[in-house]
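Chains: A, B, C, D, E and F, in written order; residue numbering restarts at 1 for each.
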């Protein structure tokens, strides 16, 4: 199927990057954003969410439950982010972090 | 562990598909949905989100910040979607798009 | 780039797990959480979303549209979850489910 | 006042006009829509406000006065799903489970339709028993349970009854209605304190809510094409028949002209808050497009726009 | 009253103080911010309330009385984007598309600024024509369309005009304004029913909304550094010039001192709800930082804090 | 009035009944819960309304009259976390950091409990100093800072003090309280304009909010099993002791019977909005289950249901 408007556009060049996903209690939102920027992330996307894990408690109901922070970064940056997370937050806070490979359009601008 | 109700169900047949994720300013919501449908997507899931990237600005605060649009499609459809995105939106709008492989239950119905 | 605060932290040990994603009508929220726990999931993250697929209808506008439930689990648990989903919900409800491999920090605690 | 004049008054009430605005917005594909959270918040507000209002009056009313209306309410709550089911099976030729699912909605009550009726009567200056809104709480649940039973009587085993009951009895809308009634009844005069929040702004909040309902209803209009004439016929016929029966029963129960109008409207209305959720879970194989489209896109607008004045006319005729 | 005294009264109004609180909150990097859904809900409420208020008055007003103001409104709606565009091109040396994008905002109207002017006049006890808010609905759209045309006249083909028109005419804000006007006009006296929701709490709701607007505006202040003096100069000069022209035109149209003040404020204000969305779609290559920063972070606070009393002074001088 | 009669009046107030409804809803596992955004929005509304109310009165009150209460407020804000900490360490045998975390909550103040006390006194017709709500703003912060210092005095280096201070002083709740006070004080009589939004519907909004608080509190009840008797003992004993001290101090400060009741309630209450966020960041190794469960699931309901009438009785006895 194709758009009435458009002739077939040429294939798109993509770059394989890491998508780091961090789920944590909402009270950490600003700090986590600062952390990933500090590690070299060029951008981020944040979603409100709720959840349960080994620790059940949130800092405050009025703060909302959890946030899910996603950032597309180069492999090295991903490793730094994870290391910093473990060092600064894993011990005392409700945090989960994982990494995936993703094929990003115009990915070069995120490195 | 298993459900009290249930005997072990048989293994599930799955299909490997592409999950295309598009993060863009909320004002594009309806247009992006039209675009992916037009390219052959059979369905979509949309989440409200906020974020920052190379361009910081949103069209209107009252429109909400960003949307995250996800669609499970066949590989060819994924390529068309990305190409159309680049052609129609990447130049002037705040858009990020990436692709992943996912193993989908009963995936045939999305092709 | 590195944090002013921090000396380089050591590389982080990660475990490859399955991330099961379930998108379904919101009315199933509690039941799906019970199902994955019952299958052995140690935690979950839930996001509100909206979407369209083969079935367009939601149980009630006031219930909100859809929910997206994500859980990080071992491969065997993932299979059980999918099988239970197909058996209990795929026939009559608006449900989509898919699986991805993810590299999880301190992943052992989710198994 | 002339029935025609009443109809005009109803059509130019802010609530009905708001509903019309919502329909227009949806038809012109506008992005006008209340945020999810605001819609849910307004629902909570409306249900609670209705409950409290009813509870305060219930607390004042002598048991003798309310026992008859209460019994009639429960009676109709149990009976109406059965006759709706029969009609849907016989005339409508719907499958047993679809018929039961639709019957659950038409046997139950639409809180917003009830409220619109109240504001209509206030506007035209007709009094009605204050405890009516307490009756709404008792009309909502039984029909849903009966209808589910009708669908499952062949295979009762497959239904988790206690779960189904929890779903309807402790569901948001019923709990807010009953909870409001309890708060109003227990607080009594002290409820005056919350009047500026739950009573005075009520109609304005309802107007805002109805704009959103208009959008939602109009978005379902598309499904009408696929849903077939028999469904539309039922969605227009059922409220008239049920409304007439309701008016007759209300008059028997000794309600005033206003109370009879309200009761007829309650019986004529179809639930789209409590019933859909319960039915979706208890009768998953039923087609939601059928019960949502009929109750939300046909019967609700019908009652709001022409039904209420008609039921009022019937009530006045019965009391003449 | 002395102009200075009026300015003081304006500065110590709860609305302006609320706006200031929001600015402070953003500057100290507080987490104070209304939830997205509440902000959107308040916008819906404010737009609808204004529309209804205007509609009720419009229904009362004799056509003769409103025809002149209506014509002047449309005239200025068509003309002001042109002179703004000229100034932005000539003096501001902005690109054609950026100039047009900014002109769309300054030719259109800021509903919140309009509202703040109304509450200011109520507070100082100056009457104004009730139908003014109906005029807002007619001032919002034309300028946006004209400005987009200015940018596209070279390459009209590339614009999907019907889509652009749909975007502005059926956009949330315009539909709520016009819809509210229609509801108010049709409901007439029946609109009294919703007064406790749409009229009495209005200013309080506006105060809450302005706190959030303060946060949003302050967050844009950062962009000022990059946006350049010419933009700031325009954002401060345009409201004064447009305000003066508006006052003169309003007086010609036979508006009272109060009405002239309101009209001047309307013309002086810059849209940041309807215009940004339409412009973002129709002129995607325009830089949003330019039109959002100027209208939201400079002109809006300027009008709110010092503009309105100035326009009132001009109006009084013209009527002296 | 008899203390018992007062207790009955308190128990049958719409607010307390609403709180009970929320608890019931959670216990029967109902899906009743306000949308996140509405809960946050109501918090903003309540905090701002309280601040404005207090600010208006503060503006009127002669400095002489308020200086004593203000000093006493600050004094108790600094001292109470210390004695709470001592008790938690000594009798409760909690770890230093857990003791400090809990002390931060009990030294600070619960705005909703304060508000419930005000509505209680209004209902029973006892007057109290209008500027009390301004004192809330000054009682909220110091205790949190003192408690964090207690935990960190051994290792002060590890705390980023300026960050911690920003967190509490510029946090949502404190900024809204102080901001509201400023708005009220500066606007003075002009604040009348927003009365129909911030004052009249206040109790109704509080009732709605308390339903949600009931749900939240009840969901924490489960943690009680694991949290141990010593925590529960403290959560019941601390408000009584602190309430008595507060009543005595308030009476010394020259407050009226009503004012003394309010002040006692303030001191007796435990924060669960400002404190948890600040403590979570500054003392991450403290166990949130301890301080949230005690303040939210035990002390808050205790004060709401039986505490307030008790503190009123003490106040009356002190003034007898």
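Everything below uses one rule, namely that contacts are C-beta pairs under 8 Å (C-beta built on N, C-alpha and C of every residue); 3 or more make two chains touch, one makes a residue touch a chain.
Everything numeric here is computed off the predicted structure, so don't read it as measured data.
Novice: Hey, what chains does subunit A share as contacts with subunit F?
Specialist: none
Novice: Centre to centre, using CA atoms, which chain is the farthest one from subunit C?
Specialist: Measuring from the centre of subunit C, the most distant chain centre belongs to E.
Novice: Comparing A-C against B-E, which pair counts more contacting C-beta pairs?
Specialist: A-C
Novice: On a CA-centroid basis, which chain has its centre farthest from subunit D's?
Specialist: Between subunit D and the rest, the longest centre separation is with A.
Novice: Return the distance between the CA-based centres of subunit A and subunit D, expressed in whole Å.
Specialist: 45
Novice: Could you give the separation in Å between the centres of subunit D and subunit E, each centre being the mean of its C-alpha atoms?
Specialist: Measuring from centre to centre gives 41 Å for this pair.
Novice: Do you know which subunit B residues sit against two or more other chains?
Specialist: Touching at least two other chains: 47-48, 100.
Novice: Going through subunit D residue by residue, note those that touch at least 2 other chains and give them in order.
Specialist: Residues 31, 35-38, 40, 172, 201 of subunit D touch two or more partner chains.
Novice: Sort out for me which residues of subunit B touch subunit A in the complex.
Specialist: Listed in rising order, the residues are 21, 23, 35, 38-40, 47-54, 66, 68, 79-80, 82-88, 90, 96-100.
Novice: Under the touch definition given earlier, write down the residues of subunit B that touch subunit E in their complex.
Specialist: 25, 27, 48, 56-65, 91-93
Novice: Per the contact definition, I'd like the list of subunit F residues that touch subunit D in the complex.
Specialist: 9, 12-14, 17-18, 21, 24-25, 28-32, 34-38, 119, 122-123, 196, 200-205, 207-208, 211
Novice: If you look only at subunit E, which of its residues touch subunit D in the complex?
Specialist: Going by the criterion above, the answer is residues 35-38, 40-41, 44-45, 48, 52, 166, 170-172, 175-176, 179, 182-183, 186-188, 190-191, 193-198, 201.
Novice: For subunit B, which residues count as touching subunit C in their complex?
Specialist: Touching subunit C: residues 1-3, 6, 8-12, 14, 17, 19, 33, 42-47, 72, 100-107, 109 of subunit B.
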